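Common to both upcoming complexes is subunit A, partnered first by subunit B, then by subunit C.
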Partner chain A sequence: MTVMRDKVVKALVELNIRGDENGLMPGYNVLVNFLPTTFWNLFTERLINAAPADKKEEVLTGLYKAAQECGYHTGYGIINSDEFKSVVMPMVTEGAKDVLRGAYAVFTAWGWAKSGIVQIKEGERMVVRATDYYEQHIKTGGKSSFMFSAVSGAFFDLAYGPEYPNGLGTFIGDQTKGIEAGDEFGEVLVRKK
Partner chain B sequence: MPLDSLKEDVFAGSISLTNVSDLIQFIGMSGKTGELVLINEKSDEEGKLYFTEGKLFCVLTGIFAGIEALSKILLWNHGKFFFTRDISSIVRNIDMPLNHAIMEAARLSDESGQASLFDDLDEDDLFSSFDDEPVKQKDLTKKSITAELKVIDENLDFKETVRSLPAGFGLPPLKNSWTASMKSVPAKENSEKKVSSSNLNEIQTINSNGESSLINERSELEMRESTEILSDLLKVPGVDAVVVAGRDGFIIETAGSSNRINVDDLGAAMANTINGIEEMGKELNVNKYQDLFIEYGRAVIMCKPVGDAIAAIISPDASKLGIIRHKASKLFDELKEIF
Partner chain C sequence: MSIPFEVKFDDTTFSQKAYGQDMVMHCHHYMSLVTALSDQLESINAVKILRESAEDSIRTFLDAYFTQNNINSSTEKLATAKELYSVLGLGKFEVSGNDAGGEIQMKRSHVDEGWVQKFGKSSKFINHFSCGFAAAMFAAAFGKSARSYNAFETASIAMGDSEGKIVVKAN
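This part shows the complex of A and B:
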């Protein structure tokens, strides 16, 4: 037995989670904001486009780091949430590898990215692919999926890095393909920093 | 039994003048009922094939029966045969058209690593046999030369050469989407490159000046992108679509199209089914599953584990299953290396 994406997706979409008066959705042990994805895409686009040429690299690194930190702490919350424990953990038989499979199934259920693991070498590297993700609509002309790549790296940190909260940045996610850059799908390669 | 003592209604001859597959195809096409006895003079074995109105009904040799027995008999090239009419078997151990049985037997002998029928036959002839045309009479000398050339080719096979490198060189990495991704990661990674036996991406080479150098991705010469392999699978006659899915049901790659099946649903169903089958294998203690065929009214699905993923081939019917299994086997092996 391993984690079955269809079962995770079916179980999670049935959970009744609503946003509160502050626009936050308490669920999965974290608070998820209630802002439309176009807001975040526009935010990224404007930041990148507004940066002068000599500061562009810094902005890109900043966006990656922000997403990485978000992914690390939010990811920790998710995999320790009651929802994850009740839906995903009973199917986990292959340790961290299955937890990661479960995490991408959760992302798919959220509509955040229809994503999954293509290849994994435990503790060393991983290739993740997404065929539909919100960052694919970013219009910067290049690969701009900071959340997809950084969160993938952060998840690998949680799975194979030093114990939380000391493992942040052990691994990095490099985006190798992106729908926003004209590829058929988005792809991230996670490897040791 | 001496040949000259046989009755007039017995058709007899020497195997070395023809080959077994041609002989049984001839009997099949003639629509005969009877018993074909073959005697392998080299090994002193006897094989019996029973036909009912041209349909191969039962095959026996030594301790083997059915397709397994046929796979042994097809490789015989010296000895005698005699066909006696109107003798039939009450046991049936072949339940497929004659040409498919030959293909299955050839595949079996090929997989078991014995000298293979495929060595002796042109692929075109094998395909043509699926269209119910007889395999052409081959020139035996040509066959033996072809077989010898194949052996030489195998010895020169670059893959084998690379695999035979000392352990320190490690197995080559694969030029697939994974390594393609690695290559697209810019120089920062290359700057950390170390001369290490554990670094699978490196190989030491000696150029024409005798200088030693390291190159990355030696596997480029031998490994292909997964999309290329999937395209090759699509070229196998009878294959409508190919799907590679993760163990969790995530669709990794697809090629071709099948209006019979929704690919996303197939990924999820495959993962669930394989999980169940693996559980069963574990409980029965019969090792990991190797193959899964499911025949439906409108489609046949063949699943095979490829590394950490599952590959599935969708075919409209089972008529070409033998050739699909044979032709796909090596391509699945390539996929295994990738996933």
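This part shows the complex of A and C:
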């Protein structure tokens, strides 16, 4: 057996999401929020569209780094959570590769992207595809899926980089296709930095 | 007060929806880094972009929630928005005011407490998201258009105050 995404997603999808008595949602070693995707998309879209040429790189790098760090720390919290241990780990038969598959199932369950690994050379490169992801609605005229690409790099950091918390940025995710750019699906290539 | 909050999972797209809006979970790292990025990019009005993105997205969400739950009076709308803030994991506040504006006393805050966890105490106000939320909440409650209210912080949990405070004024 290997990790079956759809089974994991349905087991992990948290339909009883709501803040505690303090209005906070602690979980996976982080504080979680649950917001309309339009907030994150509008911010990204307006920021990119507002940036003059000399600021564009700073904006794009900033958006990538925010998503990368989020994916690294939250990803670590996810794969070490009780939920992950009880739902995903019993299906893990192929080591780090299966842990990665499980991480993508959680990525999907959180509403980030209906995604999965289509190709992997362990410790070296990976191709991930998504047929639906919330960033596909960003309108900048180009590929703008920072969460999808940066979190993919961060998950690979966790699987094959130096031990947490020293592995951040070992790998990077390059978005090669995007629904928001007119492609049929989103695709990210993860490779060594 | 406990309010209903229903999230539906779409079996086709695997997305989560609440009151017709696509929803997503994110962590305090991302919120803090996006907030820090907006401060860093002040030369292109990024803080304003963050506030207005919060105002516009939350306004759509609040309007949908109010319509689908038959919440009609301004008082009910303010009280419900306050509860929704907590349901969404954003913290806890008390609100008072009328169509000319009002005040929010922030008891707990995802943005502020997340910032302190990530970066330590802040030297300036950073809860731009909640200022956008406040502007949306007052505009939705009193039937006004976007940018009808200006919301700004005068006390901040991130800066070390025991409670945060957001003042809301009609433009």
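Note that the second predicted complex is superposed on the first by the 181 of 193 C-alpha atoms of A that agree within 3 Å, B and C clash if a C-alpha of one lies under 4 Å from a C-alpha of the other, contacts with A are read in each partner's own complex, and residues count from 1 in each chain.
To be clear about the criterion, a residue touches a chain if its C-beta (ideal position, glycine included) is under 8 Å from a C-beta of that chain, and two chains touch if they have at least 3 such contacts.
Only a predicted model underlies this, so the values are computations on that prediction, with no experimental measurement involved.
Student: Return fit or clash for subunit B versus subunit C, each positioned on subunit A through the superposition.
Tutor: fit
Student: Thinking of the overlay built on chain A, is A:G62 touched by subunit B (first), by subunit C (second), by both, or by neither?
Tutor: In the superposition, A:G62 touches subunit C alone.
Student: Just subunit B (first), just subunit C (second), both, or neither: which does A:Y104 touch?
Tutor: A:Y104 sits against subunit B, while subunit C stays out of touch.
Student: Taking the superposition as given, does A:T37 touch the first partner, subunit B, the second, subunit C, both, or neither?
Tutor: second
Student: Looking at the overlay, what does A:S81 touch: subunit B (first), subunit C (second), both, or neither?
Tutor: neither
Student: Determine, under the contact definition given at the top, whether A:T170 touches first (subunit B), second (subunit C), both, or neither.
Tutor: neither
Student: Considering only touches as defined above, state whether A:T140 meets subunit B (first), subunit C (second), both or neither.
Tutor: Neither partner.
Student: As a test of reading the superposition: which chain, subunit B or subunit C, is in touch with more residues of subunit A?
Tutor: It is C that touches the greater number of subunit A residues.
Student: Rounded to the nearest 10 degrees, how wide is the angle at the Cα centre of subunit A between the Cα centres of subunit B and subunit C?
Tutor: So the C-alpha centres give an angle of 150 degrees.
Student: Quick one: smallest Cα-Cα gap between subunit B and subunit C in the superposed arrangement, Å?
Tutor: Minimum C-alpha separation, subunit B to subunit C: 9 Å.
Student: Can you list the residues of subunit A that meet both subunit B and subunit C?
Tutor: None.
Student: Could you please specify the touching residues of subunit C with respect to subunit A in the complex?
Tutor: Within the complex, subunit C touches subunit A at residues 5, 7-9, 13-16, 21-31, 33-34, 37-38, 40-41, 43-46, 49-50, 52-54, 56-58, 60-61, 85-92, 107-108, 110, 113-114, 117, 129.
Student: Give the list of subunit B residues in touch with subunit A in this complex.
Tutor: Per the stated touch rule, the residues are 177-178, 180-182, 184-185, 189, 246-252, 268, 271-272, 275, 279, 308, 338-339.
Student: What residues on subunit A touch subunit C, complex-wise?
Tutor: 9-10, 13-19, 22-25, 28, 30-40, 42-43, 46-47, 50-52, 55, 58-59, 62-63, 65-67, 69-70, 73-74, 77, 108-112, 114, 132, 134
Student: Can you check the complex and tell me which residues of subunit A touch subunit B?
Tutor: By the definition above, subunit A touches subunit B via 1-6, 101, 104-105, 115-120, 127, 129, 131, 174, 176-177, 187, 189, 191.
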